[in-house]
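A, B, C and D are the chain letters, set down in written order, and residue numbers restart from 1 in every chain.
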Amino acid sequence: MIAEHFPALIIVFPLITAFFINIVGWWWIRPCFYMSILALTVSFISSIGILNTVVTQGVIHYKLGGWDPPWGIEYVVDHLNAFILVIVSFIGLLVGIYSKRDIEKEMPQKIPQFYTIYTLLVMGLLGMTVTGDAFNLYVLLEIASLASYALIAMGEDRAPLASFNYLIMGTIGACFYLLGVGYLYIVTGSLNMADLSELLPKLYHSKAVLVAFAFFLIGIGIKMAFFPLHVWLPDAYTYAPSSVSAFVAGTMTKVGAYVLMRVMFTIFRPYFSIELIPATTVLGWTAVAAMMYGCVLAIAQRDLKRMLCYILIAEVGYIVLGISMANRMGLTGAILHIMNDALMMACLFSVAGAIMYKIGNRDITNFRQQQLNKKMPFTMAAFTITALSVIGIPPTCGFFSKWYLIIGAIDAQQWVFAVALILSSLLSAVVFFKVIEQIYFKPREPVRPHNEGTHEEVVMDEAPMSMLIPIYIMVGGILILGILSGQIISTVIQFAVPASF
Amino acid sequence: MDVIYSIKPLLAIMVSLVAACLILLTGERSKNLRESWTILASVIKFIIVASMIPSVLKGNVLEYTIISLAPGLFLQFRVDAFGLLFGILASALWIATSFYSIGYMRGLKEHAQTRYFFCFAIALSATMGIAFSANLLTLFIFYEILTMATYPLVAHKETPEAIKGGRKYLTYTLTAGVVILLSMAIIYRLTGTLDFKPGGFMAGNASSDMLRFLFVTLVMSFGVKAAIMPLHEWLPTAMVAPTPVSALLHAVAVVKAGVFGVLRVILYVFGPAFLHDTGLWILLAYLVSFTIIVSCFFALAQDNIKRRLAFSTINNLSIVILGAALLTPSAIKGGMLHMAFHGFMKITLFFVAGAIYVKTHKQNVSELDGLGRQMPLTMGSFAIGAMGVAGIPPTCGFISKWYLCLGSLEAHEIVFLFVFLASALLDAAFFFPIVYRAFFKKPKEDINPSFNEASPFMLTPLMATAVFSLVLGIFPNAFVHFIEIAALAVQNIMGG
Amino acid sequence: MIEYIIAKYNYWAYIVLMMIGFYAMIGKGNLIKKLLGMNVFQWAIILFYVSTSVKKGGATIPIIQNGHGPVTHAVDVAQYLNPLPHVLMLTAIVVGVSTTGVALSLAIMIYRKYKTLEEDEILQIEEYEALEPEE
Amino acid sequence: MIREDENIIIQTICRILIPFIQLFGLYVIAHGHGSPGGGFQGGCILAASFVLIVVAFGLPEAKRRFSEKQVNLFSSIGVFIYAWTGWMALLLGANFLDYGRLSIILPADPVHARYYGVFAVEVGVGITVMAIMVSLFIDLITGGKHEEASE
């Protein structure tokens, strides 16, 4: 009985819990963490249930308040958003667990506030994914964004300024999205995505529809930090608290990518976004630029988190590139990469957080002096494996999404895309091996003889278990999901790709 | 030819992976335990691999599928004759290298030994994976794992020089890796499969220009690890690694994996018929002939023993490829045999170089005068290895070169016969001075003329491999039936 | 042309307002001015939405008189405005208010840290701090 | 006690005005589901009255009447009323927010149950909006330091 309400439960439970945390937090701080974890667990279980239902029984339609669409708000869950739901709630849960010690250290006086807003943020992203109503998506987008502004502002030194800039940019993005919805509403009188998809084809040559599409692309582009619109991201994610950057880096841009796919292939038919206007061509070449730009700038960074931010920008480029190939393989790669990248980015930012937690410094050039591989061997092993995945070394999952993306580029006869993919792979190898060298090789001075045991022993000082376990669950995912990618594609992703491809 | 469903290939790979985990867990606590894991794993691995010989010799193929990765694409192992040949080589030499590593690493009191043994075990797993891969994608997966596992070994010393060597190694191999990836993806889209098939599966699946392009990119990118001449630069630079690593790189895993990849591409992806029809074989043959001759001259100019050995390796790898490129049964057979035999001979030479370094801290040829008096057994082994590489009977090098020369005659290309002979001469020219210096020159003051060998941990393996290269020369079918296996592989390829 | 503008003056107003807001958000150096620009921007969108529901000719709010009475009349669509855009904008106003609230609190945090709200001055301070070696 | 910076005229006027403002706010909330108005508008009007108190009487006096904890509590309670109304429907077997199903526990037919359900939601929204507006205002004028300001 409860299973059919999972689409509502996945959102409502964290929503209520968030306010419950707020109240309880005034008197009693300890249970805040556990309540948040409880809510996220419920969401995670619900998302698994939804995925299971979708795989076995097909698309779920959930009418809020019992109103029939297109008048009422409808939650529609197909293979695509069921898959994204699982990813977001999974990362949300893991980072939630991870955040315990981090938040206790970074902002002991703000624990209830943190968990309230964090739960709201997860809920907002889940809501964006689950909804089938264009305006409802805007509202949830703003809930998620507002939560992320607040969370980012809780970070270190420059965080408020970074958050303010993000807020200005984010509001422009959201407003553009709202305008897009407005134009579509004017011409069709509907806000329901499925309904819009039915009504729009007759109007494809209307200027208003074209303008709406442009507004959508730019609005979502800002939200997902797509290359020329990414300027807010490095500052915001660098100065955010570790747990926050781990979660938002892992999921927020990915949900943006999901919304982009929804707009391009559900609200508008692929015929419109691919053939009628050259949206995919523009997106594709911009994505290539994003990949190159992100990787090249990442090489120049000294701050680990900032470096990861630029890698993230490049990764967003990968996903958009996959979408813009507009063929089955490319989209499969893009969807697979959404999952892989969510895991990889969350894991990398978590590792950066763990380093901050223990060392209090994340200057890459400083790692060598710190002998990080001796101090935190497990964290560093996790970093290395994840870095290899970002580079795309098999058998990690990063390789498999790259494989599908390259095949997609070949199918689209876009050789430049294929070359860009492998080139950015090499560039990210430069980025990460620079760090790996710093981590694993012994400090340059003072010069010591080649002796084992004579130099003073660096004591192992690992991150706490509550951080390590989530990190290792993600690492396990990175190692295993790659091998399982064939199964994932055949059970879920092949149905998530729009049928017309 | 029957297909037997067997888990053995997977076990052969997993043994060293498990050992790697055990090494990591116990390494810092107990050195002895750590090293016994290595040796135990190497022995078990060899037993597993050896147990597959009888069924393969009967003409069967062992297969094990782990999981489907994409339509028509599996993570799959298939042990055929050629793969088994490589598997035997790598697993047999790992036993020797394990013992030798212990002696070498302890002798020099190297740092980070746990990491060293860990990476070594992973590298061997990857090598087995390469040997037993059923398709190009599986091979590529293990190929990249091998790259990642050997990088820490190359940069092991962590000196600026070592780091530079490591970077160069990565630059070359990763770049090659992505090119392989791209070519592989194109092949997959053209044919819908990547499964190795004796005699190739590509012919007729695409325009001739496309096929030529793919052939060139694949051979050149696998050729990076096989150190074909314009792309060989990383190999001498990587000589900064500890000697067992060099031995592993040169004789067991990395370069052999590259050669193995090239041979797989030539014989199992594109197929001799395609190469013959397009005339690509002659192009490749001239390219590697160039490498063979030029690398010898480079080798002559080196004073550092290991660098000299490195160029000799480049030379020999190209000989193997030349054998395959000639496309005649004897030449292919000779190439495959040379791949195996060269492993035994070259590892002896590297072991000797390492033993000399541990004992006397000498790295240059010019310092070896009279060393034969101090280390007669070591230098004697070196002499055997050098004879083998130069192809002088009764060492095993003679047998493989014999087949290669036969092959070049079969192909009616006398040029390549001269290439083989010239390289044999040049090999002799740069190895025998070392032997001469060691045994017949007067020792300099700093050499202790009395008998003072390296530790038995090092001496035993290097003598064992030397003896093996002799025994294999006299009874080439002893123990592991190298010739039969190679003949079987050739029969599969040529017989279609 | 002029009739064309006058006939749809509310849409023109929305565009002008939006551009003013956009300019303030991008071009102004003072954070509070940026914030004001953001508000103007949002209100412009609200104006746009509300404009879309306007009907000429005496249409009024959608409250049906005697809707619950014994006699129900068939409702003429021309008689009432489309309520949905208004409702949507109510939500948008809420979002706008929340965004403004968050932005103002951020501005307070920034002011407390830098003692200024001028962007170029903040950046100067940042540069200065970056040059100073931290203890 | 009247401080120097406080104006007796303003205070007196406010004393008279505030009850009416609040009454009007309640009226708007109560009629939200049947006519123009509703939780958000009514909540804002209610919040305006509290803001007036702060402006006219100063923060310490206002704090005496509604502490930060109370404000916070109200903001959450409002959401609870809203969410639980939805949950009730869910627990009674209908979809989330499907108030028609409340007819099982309410003495009314589904149409009226929906009417009451929306009313409950409006009340919840009104309370939340009021509390949030007040806390936004107080947070902004004090720079987020309630406790220091109240001393």
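By definition in this document, a residue touches a chain if its C-beta (ideal position, glycine included) is under 8 Å from a C-beta of that chain, and two chains touch if they have at least 3 such contacts.
The structure displayed is predicted, hence computed values, not measured ones.
Enquirer: Can you give me the shortest step count from chain C to chain D, moving only between touching chains?
Expert: Tracing touching chains, the least step count from chain C to chain D comes to 1.
Enquirer: Taking each chain's centre as the mean of its Cα atoms, which chain lies farthest from chain A?
Expert: B
Enquirer: So the centre of each chain is just the mean of its C-alpha atoms; given that, what is the distance between chain A and chain C in Å?
Expert: That pair's centroid distance is 28 Å.
Enquirer: Rounded to a whole Å, what is the gap between the Cα centroids of chain A and chain B?
Expert: The separation of the two C-alpha centroids amounts to 43 Å.
Enquirer: Per the centroid of Cα atoms for each chain, what is the distance between chain B and chain C, given in Å?
Expert: The answer is 70 Å.
Enquirer: Between chain A and chain D, what is the separation of their C-alpha centroids in Å?
Expert: So the centroids are 36 Å from each other.
Enquirer: Residues touching two or more other chains, restricted to chain C: which are they?
Expert: 105
Enquirer: For chain B, give me the residues that contact two or more of the other chains.
Expert: none
Enquirer: On chain D, where are the residues touching two or more other chains?
Expert: none
Enquirer: Draw the chains as dots and join the ones that touch; what shape do you get: line, ring, star, complete or other?
Expert: other
Enquirer: Among all the chains shown, which pairs meet the touch rule set out at the top?
Expert: Touching chain pairs, listed by label, are A-B, A-C, A-D, C-D.
Enquirer: Would you mind writing out the residues of chain A in touch with chain B in their complex?
Expert: The touching residues are 388, 391, 393-395, 399-400, 402-404, 406-407, 410-411, 418-419, 422, 425-426, 429, 433, 437, 440-442, 450-452, 483-487, 489-490.
Enquirer: Hey, which residues of chain A end up touching chain C in the complex?
Expert: 135, 138-139, 142, 146, 149-150, 153, 157-158, 160-161, 163-164, 167-168, 171-172, 174-175, 178-179, 182, 185-186, 191
Enquirer: Inside the complex, what are the residues of chain B that reach chain A?
Expert: Residue positions touching the partner: 66-70, 73, 75, 108-113, 140-141, 144-145, 147-148, 152, 155, 157-158, 163, 166-167, 170, 174-175, 178-179, 181-182, 185-186, 188-189.
Enquirer: Which of the residues in chain C come into contact with chain D in the complex?
Expert: Residue positions touching the partner: 61, 63, 90, 93-94, 97, 101, 104-105, 108, 112.
Enquirer: Which stretch or stretches of chain C touch chain A in the complex?
Expert: 22, 25, 31, 34, 38, 41-42, 45, 48-49, 52, 84-85, 88, 91-92, 95, 98-99, 102-103, 105-107, 109-110, 113, 122, 126
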